[in-house]
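There are two complexes below, and they share chain A, which is joined by chain B in the first and by chain C in the second.
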Partner chain A sequence: MVVMMRKLALAALFAVAMLPVSPSLAQQATEIHVTYSKGQFQPSQVSAPADKPITFRVKNLDAKAMEFESTSLRVEKVVAANSEGIINVRALKPGRYEFYDDFNAAARGALIVQ
Partner chain B sequence: MLAALIIVFREVFEAGLIVGIVLAVTGSVPHRNGWIGGGVLAGALAACLVAAFAGALSQLFAGMGQELFNAAILGIAVIMLTWHNVWMAHHGREMAGEMRAAGQAVADGTKSLLALAVVVGVAVLREGSEVALFLYGVAASDGGSGLSFAIGGFMGLALGVAVCLLTYFGLMRIPQRALFATTTALITLLAAGMAAQAVAFLERANWLTSLDTVVWDSGWLLSEKNIAGRALHTLIGYTDQPTEMQLVAYVAVLLVTFMLMRLTGSQPTNRGASPIPL
Partner chain C sequence: MQRMRDEMRLRIQPERFHAIALCAVASILCGSAAARAEDASSWRDIETKYIFGFTTGSGIGLEGEKEFTIDTIGRFGKRDGRYEATETKYEFEFTPSQFIQIEFGALGSNHDIRGVTGLDDRNQVAATGAFAELRYLAIERTSNNPLSVTLGIEPTVRLTDETSGMRVRNYEFETTVNADLELMKNRLFAGFNLLYEPEVTWTPTGDVQREATAGVSGALSLRIASNVVVGGEVWYLRHYDAADLSAFTGDAVMLGPTLFVRFTPKMFMTAAWNSQVWGREVGNSLPLNLAEFQRHRAKLKFAWEF
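For the complex of A and B:
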């Protein structure tokens, strides 16, 4: 009985989780490269076209981890020391979207979508 | 020091809430402290491992390792929480008949304790790995201010433990009879919220791209980032910009839990069977 229940629950969850899986949609995304060093984003202002998915490539050159975060972009990702983090963002409407390092309030940047 | 305190507290806050709820759920179950403590310890150890290999982890799956890892462990937690609820509904018969304390029914089954220990471990692992990364980074880079950061970090951790105790003692004030229904509802909403969070991670990894339109933006009313927003985020899965798929996952977990509890529960009018007024 318990086993059956568990299978049912599993099946239901997998049905929800697995339905529309398509890992290859990021192809036509706009790539934005940002470097993080000495607690600052370089460049601190980047731009991208509207209505196209965006991929951030954040290179953390510092010796400590940072967390690339943005409320308006709905992203939050820890980038370990001396490594690169890839952050996917859905297609956006024109506007200004701020991002920051959640571990360091001084580091801020903005994405301008036109 | 204050910065470290705030950052660490923010991370351990969610884990504190979850551990507090699980402690209340397991109420007077014998050996529960061992199981929950074991879960916390295993979670903390795993968090350090994840932090140590954070760079390698994020390189997996074309840079989406972190997201998929988070989605996977959240999925495990959802299954464990749902299974716990269904198990409790199934054994509610004996409990209702004998008017025993709700938690005591769990005493017969360490399986349910194991499920909840896993949930606690997952919560600590998720939050703890970020704390470990942050504190390690601070300790590694600047030696001078390192001590005051460490003190701030530990104070943040202590505040997280305080949240856990407050949650626990707050829930324990609820009379035993109502406690079962309350914790069932809490666990169901916790599971639904975690499922929605797992969906968010899959969306960020571009593994889930359909129904990804944001349904509403209630950030102006209650931001997910302030303390009330964070509490609601953990407890009921509040998100200020949910996508359609997140809502689907949320409702699906509620429905599946409700159905499974009715199917396996003793009587349909079981107090715990209706987690929310649908």
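For the complex of A and C:
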């Protein structure tokens, strides 16, 4: 039984290792530039093509840190004051994906993938 | 005298549970009115993993997110006597990619058992064992696809038996399918789980016990405020004395309310209560299955993200 469970666990780990776990490196990523200033994203709506990985370059111009976060994009990153954060996102299906500053409920934006 | 008090407790408990269930239903009804009044379009998307109680949602967290949780499951009530057992997971959880979530941690348990047929009397607190979990997001939700599905495996090692509290060596390998549907944008969600949990136990006398639990669940959760979700769930569980599901010993239906509250952007709790509403044991005509399952179970989990 223990041997069988070990084999099952190894098979499952092997199967998972074969699955895609990160944005495809083979494809050129679409770069999206967003600035964060006075507690707002500029622009607050950005777009990108479907089925291609995306790289967000978030420049925080404010004097305090912000956290770029999105439940639907499944990413979060703290960007220190007056610095730039780079966030890699997998290739996405068409749709609307919201992002926000987790430290500031009023700061919100959206990515439109089409 | 103690036995009389225990019997009295068992008689009183169902009424208390009915009252709790009524309160939960009332809060759902009040909550749905409040939810209609509030504009859900201004709410952020919600992580679904913990909004369904014992039923696990498909969410796997955010890449780069780390979380510490204390997750306690209590099991209460057998056919006779007094039975209270809890198991607590002290868990570290992280999401290394946008498809995978990994969790691991230690287990602690508490058993308070008196006068239960087939179990030794016991009042103990113990460090129980350890576990790890790997979850893979197989189907992701988008604004055009409301369904999300995650596959999970969770090997666990225990040195204390979950039910009896006896010193044992127990290996469990839980496999799950966690699915959920967004029925109304940001507001109403349905969750579904499939469970297969084989285990093997070596007792102090050298006996080897093989068993398995299989189950399916359905849950409905309504977001009544941006940080509060209430709902209900139902579980159908089957128990076997063999890992290959060949020796059926009984089944049960558990039903109850669920609650999720996010206190701050980085801290939340989830709670659930399930009562056994139907069950049967092979070879026993008495109602409910209290040999393999319990009369009630409760879950209380607190999480801190960082």
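By definition in this document, the second predicted complex is superposed on the first by the 88 of 114 C-alpha atoms of A that agree within 3 Å, B and C clash if a C-alpha of one lies under 4 Å from a C-alpha of the other, contacts with A are read in each partner's own complex, and residues count from 1 in each chain.
Criterion: a contact is a pair of C-beta atoms (placed from the backbone, for glycine too) under 8 Å apart; a residue touches a chain by one contact, two chains touch by 3 or more.
Model, not experiment: these values are computed from the prediction.
Asks: Per the contact definition in the header, classify A:A81: touching chain B only (first), chain C only (second), both, or neither.
Replies: first
Asks: Examine A:L61 and indicate which partner it touches, taking first as chain B and second as chain C; both and neither are also allowed.
Replies: neither
Asks: Using the superposition on chain A described above, determine whether A:T71 touches chain B (first), chain C (second), both, or neither.
Replies: In the superposition, A:T71 contacts both chain B and chain C.
Asks: Who does A:G95 touch here: chain B (first), chain C (second), both, or neither?
Replies: It touches chain C, and chain B stays clear.
Asks: On chain A, what residues does chain B touch that chain C touches as well?
Replies: 1-2, 5, 8-9, 12-13, 16, 19-23, 71, 74-75, 77, 90, 102-103
Asks: Can you list the residues on chain C that touch chain A in the complex?
Replies: Against chain A, chain C makes touches at 44-47, 59-65, 95-100, 134, 136, 140-145, 153, 155, 171, 173, 175, 198, 200, 208, 210, 243, 265-266.
Asks: Could you list, by residue number, the parts of chain A that touch chain B in their complex?
Replies: Spelled out, the residues of chain A in touch with chain B are 1-2, 5-6, 8-10, 12-13, 16-17, 19-23, 25-26, 53, 62-65, 67, 71, 74-75, 77-88, 90, 102-103, 105.
Asks: What residues of chain A sit close enough to touch chain C in their complex?
Replies: Against chain C, chain A makes touches at 1-2, 4-5, 8-9, 12-13, 16, 19-23, 69-77, 89-90, 92-98, 100, 102-103, 108.
Asks: Across the complex, what residues on chain B touch chain A?
Replies: 3, 7, 54-55, 58-59, 62-64, 66-67, 71, 75, 78-79, 82-83, 86-87, 90, 129-130, 133-134, 136-138, 140-141, 195, 198-200, 202-212, 214, 219, 223-225, 240-241, 248-249, 252-253, 256, 260, 263-264
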